[in-house]
Every structure is written in C-alpha cells, then in structure tokens.
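Presented sequentially are two complexes of chain A, the first with chain B as partner and the second with chain C.
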Partner chain A sequence: MGGFSAQDLTAIFVMQGFAGLSFFSVLLLMALGLAIIYGQMRVINMAHGEFMVIGAYATYLLTSALRHLPGGLDVSVFLAIPVAFLAAFVVGYFIEWLLIRHLYHRPLDTLLATWGLALIMQQGFRSAFGAREVSVPVPDWLRGSYRPTMMIDIPLNGLAIMLLTVLVTVAVWWFLYRSRWGLRVRCTTANREMSGAVGINTKRVDRMTFAIGCGIAGIAGAAFTTISSTGPTSGSLYIVDTFLVVVFGGAGSLVGTIASAFSIAQAQSIMEFFMGGSMAKVLTLLTVIGILLLRPEGLVASKVRR
Partner chain B sequence: MIKLPGFLHGRHGGLAGILILAAILMIVMPAMLDLYRLNLAGRYLTYAFVAVGLVLCWGYGGILSLGQGIFFGVGGYAMAMFLKLEASDPESTRIQTTPGIPDFMDWNRITELPWFWVPFNSLTFTIIAVLVLPAAFAFVIGYAMFKRRVSGVYFAIITQALAVVLTILIVGQQGYTGGINGITDLRTLKGWDIRDDSAQYLLYYLNATLLIGCVLLGRWVLNGKYGRILTALRDREDRVRFSGYDVANFKVFIFCLAAFMSGIGGAMFTLQVGFMSPSFVGIVPSIEFVIFAAVGGRLSLLGGVYGALLVSYAKTMFAEAYPQLWQVMIGAVFILVVLVLPYGLASVYQRYGKRAVAKLKGSRHPGDTPTPPAASVVPGARRDATAKAGSALPHDSVTEGRP
Partner chain C sequence: MLEVKDLRVSYGQSEVIHGIDFVTAKDETLAIMGRNGMGKTTLFKSLIGILPGSSGSIVLDGREVGNLPSHERVAAGLAYVPQGRMIFPNLTVMENIESGLETLKTSKVPDEIFDLFPVLREMRKRKGGNLSGGQQQQLAIARALVSEPKVLLLDEPTEGIQPSIIKDIAHTLNEIRRMKKIAIVVSEQVLSFTMAIADRLAVIEKGKIIHEEEGKSANQEKIASYLAV
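Let's look at the complex of A and B:
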C-alpha cells in the first residue's frame, strides 16, 4: 500500500469502514427479511428488492405529503418507518395469499414465480412514479456530519441508519426467539405436520411470516432513501448481494446473517477505495463463493435436522 | 425387427416431433417470413440452444442454473473476438493511434493486443474455443460445487452470482472487452460478408441444423442408461449414491453438456446478429433462458425450442405494440406457467394433443394419456413417475432434500 502514510490509512479505513456500515445496514435489513422468508419457509423471494422499493416509495409519498406542514419533515422521519413497514407488510400479505401459498413445496418454482412478480412490480412502480429516480428530503438535523479529527468525516444519517438497524435486529430477534409468534414460526419450520397436529394454524403462520419478512424489507427501503435516491429498479441491484448474505450467513441463523452482512459490506467498502467499485465487487463475490464452496452450510450452520 | 439408434425412438417421443420441428424451421419459417423476421427468428433459435441445455440439466438433472448467460456469453464473445480482429485489420483501422487493434482498445489507450486476444486470430482456435471453453468453465464450476454437494437453491444462487461477476468484469474492463457496448461492428468471416442476404439465410440454416443436432444429442443422452440414472438422481439422489454411483460426476457431465449447447448458441447469436454485449450475459438473460425452458416444458427438449421461439416472439410483439406493458405481460405469463402449468406447454400436448392425435388415428389407447401432475394439489404424494413419453416427473419435495 505504497503512497499512503499510516495516518492516511487509518482515516481511509475509518471512513470507508463507516461507509461500509451504511451499506451493511441496508444489506442487513434486507437480509433479515429474506432470511426469515428463506430460512424459515424455504421460499426464494426474488421480488424482495421490490418490497424494499415499496418501503422507499411509501417514505417518499409520506414526506411529499407532510413536508409543507410546519415541522412535518421532522415528524415524517419517524412516521416513515412504521408506514414503510405497513405498506410492504400489506402487499406481502396479499402476495402470499395470491401466489406464494400455492408453491410451498416447490422452492425452485417460487424463485421463478417471484421473478415474474418482480417484473410486474417494477413496471408498476414505473407507471406510478415514473422512470426517474426520486429522492426524499432529509431534515436539517440529519444532514450534518460528525468530525472526530480533521481527516475523518462521518455523516449523521449513516449513524441514524445504524441505530435503526440495531433496533430492528433486536426486534427481529425478540420476535423469533422470545415471542409466542416466533415460537410458532420456528415450530412450523421444524415440523409442519406436528405443528398442525398440536393446533398451530400453519397457514396463518406462513402468511404472517412472509408478510413480516416483506415488512422488514420495507423498513430497509425507508433507510435506503436516506443514502440514495429511489428508482423502479433500485431493488434489483441489491437482490443478488442480499441472497449471498443469507446463504453465506447460513440460512435460518440470525447471528450468521449479521456476521455475513458485516463482512461482505466491509470487504466491499474497503476494497472499493483501493481498486474501484467494480473490481471490489468482483473480488468480494468471488471470495464469498469460494468460502461457500469450502463451507456450503454457511458461516453459522443451523442445528436443525432435516 | 431392425434396431433403430437410440435417438430415433424410445421414451422421449417418436421421430415425428423432430421431423415436424425440422419442417417448421427449415421450410415453413423461411417460406413465410421476410428476411428481417427470419433473422429475428434465427436469433430466438440461438436462445433455444440454451433452453434445450436447461431442459437437460434442470428438467432431467434437477440442477437449476441461473448462470446460463455465462456460457452463452463465453461462446458469443469467443466468436465476436475473432470477427472483431478480422474487422480491425491495419488497413481499415489506419486512422487509429495503434492500427490493427480493435477500435475500443484504441479509445481506451491500449497500444498492444492483450495476450488472451492473440489466439483468436485463428478461426480453428476460435471454433475450438466456442466448443470447449463454455464446457470447461462449466466443468470448473460444476466440479467445485457438486463434489462439495452444493445443490438446489444454493447452486442457483451461486451461479447467479457468477453471472453477475462476469457481467461486472466485462463492463468494468472496457479496454479489453468493449465494456457495456460489447463488441460491435462485426462484418466478415474469412472475407465472407456475414451481413448480406445470402449469408443471413445460410447462417439461419446452419443455426437450425445445429439446433436439431443438439436436440438429437439430448435425446440420445436421455434415452441411454445415463438418462435413467440422471432422472433417478434428480428424484432420489441419496438412493443413487447408495447404489454405488458417483452422483457428482453425472451432474458435472449434464451441466457441461448444457453449457456446451449454450456456447454454440452464443456463437451463432454473434454470427447472426453481428454483435455481442454484456446484456446477454447477466442475471436478466440468464433467468429469461430459464423462462423459455419453463414455458416450453422443462421435461421436453422440443418444448424448450418452442418455448424460446414463442416467448421471445411474444416479448418482441408486446414490446413493439405496448412498450408500457410488455414487462407486466412477461411477468404474468411466467407466474401463470409456474402456477398452472409447471410442466409447460409440452404438458398441455401430453394431456390433450396426444388424445386428439390418437382419435385422428382412430385407435385410442387409454394408457397413452399420462396426466401431468397437479403438483400443487398433492404435495409429497407419490406420482405416476413412469408415465410414458417422457413425463418422468420430478419429485419436487424430495429434490429439495426434505423427508
């Protein structure tokens, strides 16, 4: 690494590392939803990126509606998260009823069907919001940046997204491992027939699980609006990365998903500085694929017997 | 009784289907379509190579690859590199800073032909590369994965990621690959202008012949003992393994065969269309290839061909008539096929066409009407997997490793 002093390198690592953390946040929020859907239900949701975009557009609509009220922008930041969640949740609930429930025992077919769904949703966004990307105004107090030293500059909205991600992750953990609902979800995953026999309405569990996974993608969309502008195809850019995160982390493992989102985002972000975005992505993806070949079950293997 | 070679009879339909396909491709379409439409049809037929390969490896082998664009691209780019080198002889590129190298290299300030371009000066090498490189790539990918018992969803996602990697590399390394525009402006093959009318007709026929050759090759493979083992390992991989077969080798072989066909398709695409670009390599084309196979019928080699033709034709039609709607239509078609017709158009023929044909003949065999399974109705139920005429259907719940 010639040409960089130690101080430069530290600053680069901190700032790129932090940029990586924003990427990590969106990736993790996306992956959490996908990990629930794939890990618990074995449904491969190729339209997951589009559910993220629903959340992003919901945020956009909300801020457009509220921005002219005094203090509306400040309120909308907090309102955006539940609104984005609900929007994606409702659509997910409907889609599960319409499409997904017919395909539970055919995992590879869910992949194909949801790809068709993704195409339709993208065109829907294009018709409704136009092909141009929209951006959401950020309130002033999120616009600044935190500067611990001369060379390090950390944007505040990145910090806010981090906080949001931590909250959502804790909520998902609580939901899956501490709540009544989570118990039913895990129970259905472990043994569908037995769960039905002990009185769990497995169809209802499936629908809720899918909808909640989509809802979390919606939250990812709300977070996404603060770091980038939203277009009809924004979601499809993330879908491959997100799938790799889920598979790499070990499907069905929360810790694994967090660890893999973190390592993929950081590797990508730090390498980006030295070799440019495209080569960094190539190297990251190839490394992940290489590790997956050595450890096909992912970083953290779930101990469920199949 | 005379014993016919395996690809002319057997479980995967009679000779009639092949003859009808040949008649449609060789006589009906050239007679009915003008050159522009015929060229479009030729382009769709290059996708059919990939679809036929997918029928083999996905329908019969149970290996869903979302990275067939890689092999289509490798074949296509190999051909394009040869044609580009021929198009950029020192005479016609004398206005460049460095004459004799492709124009996009000159724009990117590259002054010397990169080493991996040099062998593509030779047509022999190029043809060998088209035939061998995609299968070699597939061998590396397949060997690494199937030996580690990576399969099903994981395999699909990893091949998809590889398709993304290749696209990013091609787009990113503009000076070596032509970047997002691809390799364009291809004119002659050994001095023979590939753009004039007679060349277009000739290439169309070459393409159709090769495609029918691939279908016959696929039938030959499926009708042999190998085909039986392939179907067996798709349905009950563990049992085949316990019987003493090395499952991974069988999977690697069928994956390589599919890649080999895709590579030929890619090369024919470049020849007929006159360019190659990364938009035929990435996720979207790779999934579209799967759509072709799914719509045509994942268990029917001929279905793959018809699927590629019909879906591409429909896509072009919609895109011309309703630019706003074609994406919705394609998406809807895809969802409907998966939901209602998991075994594609071929299963419609199996269910109704056969009966009609038998009626015409006046002799109805009740046993000859195998019903494709309503897979969504009886999860996990044992289906009639020995139905005649190639409807040895996969046992999905088992394929995915559930009890």
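Let's look at the complex of A and C:
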C-alpha cells in the first residue's frame, strides 16, 4: 500500500470502516426482512427491494407534507419509521393475498412471480413519482459530522441509522424468538400441515409473516432516504447483496445474518477504497462462493438430528 | 363424543377409505387395528383435516367438523399425534409444548403435563430434534394434550419404539384417560399394546372396518389373524 502513511491508513480504515457500517446497517435492515420471508417461509422475494422503495417514497411523501409546518421536519423523522413500516406492511399483506399464497408449493415460481412484481412496481413508481430521483431533506441536527481527529470524519446520519438498526434487530429477535407470533411462524415454517394440526391458523401466519418482512424493508427504506436519494430502481441495486447476505449467513439464523451483513459490508467498503467498486465486488463474491462451497448451509447452521 | 359416518377419502381418483363408520364415547379408548397400507394413517389424516374427505360426516360433540380446516378442528376439541411424531425439530421441547396452547387463552404449560412426562421437564431447553424416539413420542403426546382435547387421535404411537417404552406409553395413555375422561382413538399394529389400553377394537382392512369387538373379551387369535401378513 505505497504512498499512504500509517496515519493516513488509520484514517482511511476508520472512515471506510464507518462507511461500511452505514452500508451494513441498510443491508442488515433489508436482510432482516428477507431473513424472515426467505429464511422462514422459503419465498424468494425478488420484489423485496421495491418494498424498501415503498418505505422510502412513503418517507418522502410524509416529509413533503410536513416540511413547511414549524418543526415539521423534526417530527417527520420520527413519524417516518412507523409510516414507512405501515405502508410496506399493507402492500405486503395485499400481495401475499393476491400472489404469494398461491405459490407456497412452488418455491421456484415465487422467484419469477416476484421478479415480475418488481418490474410492475418499478414502473408504478416511475408513473407516480417520475423517473427523477427524489431526496428527502433531513433536519439540521442530523446533518454534519462528528470529528474526533483532524482526519476522521464520521457523518451523524450514519450514526442515527446504526442506532435504528440495533433497535430493529432487537425487535425482530424478540418477535421471532420470544413472542407468541414468532413461535407460530417457526412452527409453520418447520411443518405446515402439523402446525395446522396443533391448532395454528397457518394461512393467517403466512400473511402476517410476509407483511411484517415487507414492513421491515419499509423501515430500511426510511433509513435509506437519509444517506441517498430515492429513485424507482433504487431497490433493485440492493436485492442481490441482500440475498447474498441471507444465504451466506445461513437462512433462518439471525446471528448468521448479522455476521454476514457485517463482513460483506466491511469487506466491500474497505476494498472499494483501494481497488475500485467492481473489483471489490468481484473479490467479495468469490470469497462468499468459496465459503459457501465449504459450508453449504451458510455461516451459522442449526445443529439438530435429522 | 366422536361420530364418523360413511367417511370416504381419495387420493386423486383412487378412493382409499371406502365409507367408514364408527363411534367413540366419552371416556373410552377405541383401537383401530390393521396392517400397513390398509388406510389407518389416511383415516387419521382425514379426521384431523390434513386430507380432505370426499364425502361423509365427522361429528365431534354434536358439531359437524368435517368441512373445517385443521386448526378449527383443534379448537373444536380434536388433538392429533401423527405417525412418526412430527415434532418441530428446531424448536426447544418447551416451545414444542407451547405450540399446542394455540387454541387456548393461556400461554402457560400446565404442571400436570410434566407430572405425566417428567423427562420433558428435564429436557425442556433441548431442541426437540435431539430427543430419542421415545422421548419425541412423549413430546408429541404432550403437545396434543395441552390443547385440552375432547378426543385424542394417536396414529401408531408405538412405531419404532423399544418394548419397555411401549409399556410406559400404554401406562401414560391409561393415566390420561383416567385423569381427563376423554375419548382416545388409536391406530395400532401391536396387539399387546392395544390390549393394555383399548375398550374396543376395530379392524380396518382395505379402507373398511371389517370387524369390531369389546377389548377385554376380544378374541386375540382372531385379531392376530387379521394382522398377519
């Protein structure tokens, strides 16, 4: 690494590391929703990115409506999260009823169907909001950065997203592993027929699970607006990475999803600085493929007799 | 308690259960005996609603349940222990039992379950899939029992289980009936096990009940001849 002094390198690692953390946060928020939908329900939801975009546009609409009121911008930041969740949740609920519930016996077909859905949704966004990207103004206290030394510059909006990610992760963990709903979800995934035979209404569980997964993607969308502008195709940029995270982490494992989102985001972000985006991506993908060859079930696989 | 009339079940075009009738009373154990492939499991699956019946009626405590989905049948008072146990392998023992509480208001597993199955108390933090076959069978019965059923359906509970544990299971089933006064319908091939628990025996062959008699006075040789291959 010629040309960089030790001090430069430290600063680069810290800042790229932090950029990686922001990327990690959005990726993890996306992946959490997908971990529920793919990891638990085995539905390959190619439209997951578009549900994120719904959350982002919901945030945009909310902020546009509130920004001219006094203090409206401050309120909208906090309102955006539940609104984005709800918007994506409602659409997800409807889509499950319309499309997904007919495809549980044909998992591979969900890939095609949801990919088509993604295209439809993208065009829908384009018709409704225009092809131009929109950006959401953030309140003053989220702008600017924290500078511990002269060379290190950590953006505040990144910190806010990280905090949000921690909260959502804890909420998802609690939902899946401590709540009555989570138990229903895990039973239904393990054995649909048997779940019905112990008294679980599996159709309702499927619908709620899918909708909640979509809602979490909506939260990712709300977070996304603070670091980037939103366009009709913003979601499709993330979908591949998100699937990578879920598969690499071990489908159905929350710890695995977190670990894999972290390692992929960090590797990408730090390598990007030295070798450019494409090479970084190639190297990340190769490493992931290599590791998956050795551990086909992902980083964290549950150990149980079969 | 449970009244089945002219129940017919088909896989596609081929009918497997050709009009079965039986009645079980409250506080009675009915054993349905039959060789492999005679329709025992198909019958049980259609009773709980995993397989749709093509015609006939299933009346539970005066209420027709034959057209309800599984989970509503459970709410109405049926409970099912499938062949091969089918516990949830990735869930802990405690979570497996709790899954049976779905149709109740409470979310607490009653202590009497652990009195019946003390081994499950010891193992409550373990994953269900890591239990032995006999323990999994107890877990499956416990899971069915916490839903406070009126009728308990057990499909071949002794399959693949060692003889000493089979005796324990027979003892537990008698205990359950004594405590709860429920109806138990069990499908079985092991005659000694059946004799230990059943008030009445019915023999199923090729999707029809061809023979029925009282359990205590049953002609064991005759039943055994039906079970012989």
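The rule is simple: the second predicted complex is superposed on the first by the 302 of 306 C-alpha atoms of A that agree within 3 Å, B and C clash if a C-alpha of one lies under 4 Å from a C-alpha of the other, contacts with A are read in each partner's own complex, and residues count from 1 in each chain.
Keep in mind that, in the parts below, a residue touches a chain if its C-beta (ideal position, glycine included) is under 8 Å from a C-beta of that chain, and two chains touch if they have at least 3 such contacts.
This structure is a prediction, so every number in the text was calculated from the model and none was measured.
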Between chain B and chain C, whom does A:V14 touch in the aligned arrangement: first, second, both, or neither? neither
Touching A:R184, do we find chain B (first), chain C (second), both, or neither? second
Report for A:M194: first if it touches chain B alone, second if chain C alone, otherwise both or neither. second
When the two structures are overlaid on chain A, which partner does A:A171 contact: first (chain B), second (chain C), both, or neither? neither
Using the touch definition from the top, say if A:T202 reaches chain B (first), chain C (second), both or neither. second
In the superposed arrangement, does A:L108 touch chain B (first), chain C (second), both or neither? first
In this superposition, the partner of chain A with more touched residues, chain B or chain C, is B
Overlap of the chain B and chain C interfaces on chain A comprises residues 306
Contact footprint of chain B on chain A as seen in their complex: 38, 42, 44, 99, 102-109, 111-113, 115-120, 122-124, 127, 236, 240, 243-244, 247, 276, 278-279, 281-282, 285-286, 288-289, 292-294, 296, 306
List of chain C residues in touch with chain A within their complex: 48-50, 69-71, 74-75, 80, 82, 86, 88-91, 95, 98-100, 102-103, 107, 127, 129-130, 143-144, 147
Chain B - residues contacting chain A, complex: 64, 66, 144-145, 148-150, 152-154, 156-158, 160-162, 164-165, 168-169, 171-172, 283, 287, 290-291, 294, 324-325, 327-328, 330-335, 338-339, 342, 375-376, 379-380, 396-397, 399-403
Could you list, by residue number, the parts of chain A that touch chain C in their complex? 180, 183-184, 186-187, 190-191, 193-202, 302, 304-306
